[in-house]
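Chain naming follows the written order as A, B and C, and within any one chain the residues start at number 1.
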Amino acid sequence: MATAHSRSAARIMMAPAVFVLLVWMLVPLSMTLFFSFKKFLPLRGDSIGRGLDWVGFANYARFISSSSFWPSVVTTLLIVGGVLVITVALGILLGILLDQPMWGQGVVRILVIAPFFVMPTVSALVWKNLFMDPVNGFLAHVWRAFGATPVEWLSQASLPSIVLIVSWEWLPFATLILLTAIQSLDSEQLEAAEMDGASSPARFFYIVLPHLARAITIVILIQTIFLLSIFAEIFVTTGGAFGTKTLTYLIYQRVLESQNVGLGSAGGVYAIILANIVAIFLMRIVGKNLDA
Amino acid sequence: MKLNKTLRVATAISLFAAGGAFAETITIATVNNGDMIRMQGYTSEFTKQTGIDVNWVTLEENVLRQRVTTDITTKGGQFDIMTIGMYETPIWGKNGWLVPLDKLPASYDVNDILPAMRNGLSADGTLYAAPFYGESSMVMYRTDLMKKAGLTMPEKPDWDFIRKAAAAMTDRANEVNGICLRGKPGWGEGGAFITAMSNSFGARWFDMKWNAQFDTKPWRETLTFYKGMMDESGPPGYATNGFNENLSLFQQGKCGMWIDATVAASFVTNPKDSTVADKVGFAIAPNKKGIDKHSNWLWAWALAVPAGTQKQDAAMKFIEWATSKAYIELVASKEGWANVPPGARTSLYENPNYKDIPFAKMTLESINLANPLKPTVDPVPYVGIQFVAIPEFAGIATDVSQQFSAAYAGQQSIDEALAKAQALTNDAMEAAGYR
Amino acid sequence: MARAVTSRRKIINTVVAWGIGFLIFFPILWIVILSFKAEGDAIRTPIEVLTAPWTFENYSIVQARSNYSMHFFNSVVISFGSTILGLIIAVPAAWSMAFVPSRRTKDILMWMLSTKMLPAVGVLYPIYLMFIQLGLLDTRTGLMIVLMLINLPIIIWMLFTYFKEIPVDILEAARMDGASLREEILYVLTPMAIPGMASTVLLNVILAWNEAFWTLNLTAANAAPLTAFIASYSSPEGLFYAKLSAASVMAIAPILILGWFSQKQLVRGLTFGAVK
């Protein structure tokens, strides 16, 4: 159906989007690559105007040999993986629940999606202070009411705490997409299966879950992109201590706290590589659901 | 009505962005501490006097630091005045990024600035930032709890006494912790406290050849003592407590003692916010018996003008106003002497009105006791008490303090933390070309 | 009999769903409650907090301390501006991907998404230096452009999935009737894609409203949105739960209310092509 005319028109219409994204990708990327091969310590007086010394792969070697590097990769993957598992699993359950007949469905839906509208900085501040503070926090009060010693969330259970905060922020998104997908499920098919005597777990695993495959894929894909770069939640709560330093946070420390732009840029290149590995991995596993 | 207001604001903003010719406006980046917030409240006085408008960019300390550092290193020129500390000032001044404050008028009386502050905010003898307020650290303690424990706080307690008193005051059933100290990761939080404390145990960051010293006995002693005392008598979750968390706890009456910034004295004795306002005593920050150095630090939040600003004169005028004797008097006349910015000027401590303030004497003594030029028992190649005034320090010390905090929280042993600190510090110093 | 079972199930569903909904919403509710309590009361046990007297003082303190209306105005301009800018670029691109697909379409889409993977902290220096050169620092225009670029891949993807659902026959019919490409997009495609567009706009406004790295680091006095307003409250001195709560409510309320009012559109449209 595509004529030569519409083909060229299509190309022209694509052009602005491709162009701006190309610029947005290439300019910072090439500058990052450039800096990553340079000694660039702004506080030592290095500046582009004065010229930067070429150091070869020294920044790359130093970044990867730092004792923080591999733990930060593991932490990143744990947070991303943890949040994905929690949001997808709970998202499916919530989606199914919200699809059932009930009173006040609209209100419940509003309550459930509310966290999605909260700024990450605010939710991190609120969870850290109002809820997880071991003396005055809400959870500490609840624990004490039951005679238990309050948990020191952000130091004793730091990683689970961060996963909890981030999951709270992203559960609404997962729920919304999965709910829409569940609503589109053919109820006749389910009823037929019920007639045939399929148990509810069987119906779930053989009908509902396959139907949701595509939605789950999309949730995983989009959330992964956002989760790989979470920053505010860590900056506000633990400052990267107690085993919560992600790769993004490590780069932040190198660039802004240590003011070593060269080293941080090398870290940025590693982060891009990691992101792409994750992306390829995702595509392999779930990409077949994504026929564009 | 609301829309109307928004529109009006919108017009005001666009007019302002377009014109700006009718009144000069300077932009000031500052930290969200109480004294600075108060200063913002008096901006109209400044505008009345000079006709210069002020735009405030008030940010939390960590965000402020990242913001102004990015701007100064890239010469972004977003701010006409930056609020910076004693750590940044000499480094930036040496790089030629700040306008020297050598043309202050005689009426400003620059010699009135406390010598310790002037030295700390100078590089090679030139003053680069004017202190808005200055601080050391000292012991703040609950006189009632001390009495109940049957103890008397000496003027200059040592660490053994502090530990004993902390244990005696602790009453966990009633949520009273004998002592609250910073443990929060970050070079300006727990890192600052433990570094100042280590000085009083005879430790140092580097030897004269810039070798890290975390493998030495005094550091091990410092951390072991700190963790031992805090586990006995500290609040739950102390590994995540910084200045503000401890201030809250103390104000709620949940700490017997608190060793922290002298500026906190005015907050804990302010009956409006503090439930223990009339029961607070002060003492010099402790040392280990037989060690000549105390654990008090020296810090100032100061105003500096970045080189390259188009509005240098207006910015200078603001600095002259905000750090003047007249400003102190203005605040005193409106809110009382206890609320003036402390620790910057000698004349304040000679003022008879200020002498009655309970914490004035101890603040001045603590500031005078601090010597950033000779912070440790053994000689060191650096300046600074709770920090090392080299550009690499902030990054290194944040990493180090994260290791320490992990040890406080019990995630690793003190020896592990020290070994990691030693390795990462040496590694970073090698990369920076010191070793 | 069957009906009784159904209604019992409905009751159980209702109770469970309301319980979970309340649990998820509770943190926000708690912020709102604390924001109306005196600072000294806000740290007490939950029961004591609830029974303590209510007050507006936190809002007046926060209001007095900062220029809320300016930050609010900036947030509105930046989040809507970047979304509109994004739509202008994304609609044609999504159209061509949906109706004139080629072998590369999927690759291009994935490539666009991958541009979101560049860690923002790593490229702060390059972007900051560019902004200085272009004179965009602390301008709403600069932020609109950056946020547009960040969200553009998502906008394109969402629109692409909506456009794909539109039957090609309708477009061909329009073309038969002599509609030009522009008319085809404006009068045929766009109306049909309105629900999808609405949820695209909403999602992107939310994402832009909540973006807290670039909006903090590229602004100073003039263009700073509500994220900067919050950054001045993160750790003021002494007790601050109530003031922090009030500031938080002021920062999130506008977008929360907008989200609630338009949740139907959001729910209907937020599929990313997950539903066929």
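Keep this in mind: a residue touches a chain if its C-beta (ideal position, glycine included) is under 8 Å from a C-beta of that chain, and two chains touch if they have at least 3 such contacts.
Computed from a predicted model, the values in this text were never measured in an experiment.
> Look at all chain centres (mean of CA atoms) and spot the one farthest from the centre of chain C.
B
> Could you find the two chains linked by the most C-beta contact pairs?
A-C
> Roughly how many whole angstrom separate the Cα centroids of chain A and chain C?
16
> Need the CA-centroid distance for the pair chain B / chain C, whole Å please.
Here chain B and chain C have centroids separated by 37 Å.
> Mark out which residues of chain B touch at least two other chains, giving numbers and ranges.
66, 70, 74, 248, 252
> Note the residues in chain A that touch 2 or more other chains, in rising order.
136, 256
> What are the residue numbers in chain C that touch two or more other chains?
43, 124-125, 129, 231, 233-234, 240
> Which residues of chain B touch chain A in their complex?
Those in contact with chain A are residues 62, 66, 69-70, 73-74, 91, 95, 175, 184-186, 235-237, 239-240, 245, 248-249, 252, 254, 391-392, 394-396, 398-399, 401-402, 405-406, 408-411, 420, 423-424, 427-428, 431-432.
> Which bits of chain C are touching chain A when the two form their complex?
6, 9-10, 13-14, 16-18, 20-22, 24-25, 27-28, 30-31, 34, 43, 45-46, 89-90, 92-93, 95-97, 99-101, 105-106, 108-110, 112-127, 129-130, 149, 152-154, 156, 160, 168, 172, 181, 206, 209-210, 212-213, 226-227, 230-231, 233-234, 240-241, 244-245, 248, 251-252, 255-256, 259-260, 263, 266-268, 270-276
> Quick one: in the complex, what on chain A touches chain C?
1-2, 6-7, 9-11, 13-14, 16-18, 20-21, 24-25, 27-29, 31-32, 35, 48, 94, 97-98, 100-123, 125-127, 129-131, 136, 138, 141-142, 144-145, 168, 171-173, 176-177, 179-181, 184, 214-215, 217-218, 221-222, 225-226, 228-229, 231-232, 236, 247-248, 251-252, 255-256, 261, 264-265, 267-269, 271-272, 275-276, 279, 283, 290-292
> Inside the complex, what are the residues of chain C that reach chain B?
By the definition above, chain C touches chain B via 39-40, 43, 65-66, 69-70, 72-73, 124-125, 128-129, 131-132, 137-138, 216-217, 220-222, 224, 228, 231-240.
> Can you list the chain B residues touching chain C in their complex?
5-6, 9-10, 13, 16-17, 27, 29, 32-34, 37, 40, 55-61, 63, 66-67, 70, 74-79, 242, 244, 247-248, 251-252, 267, 273-275
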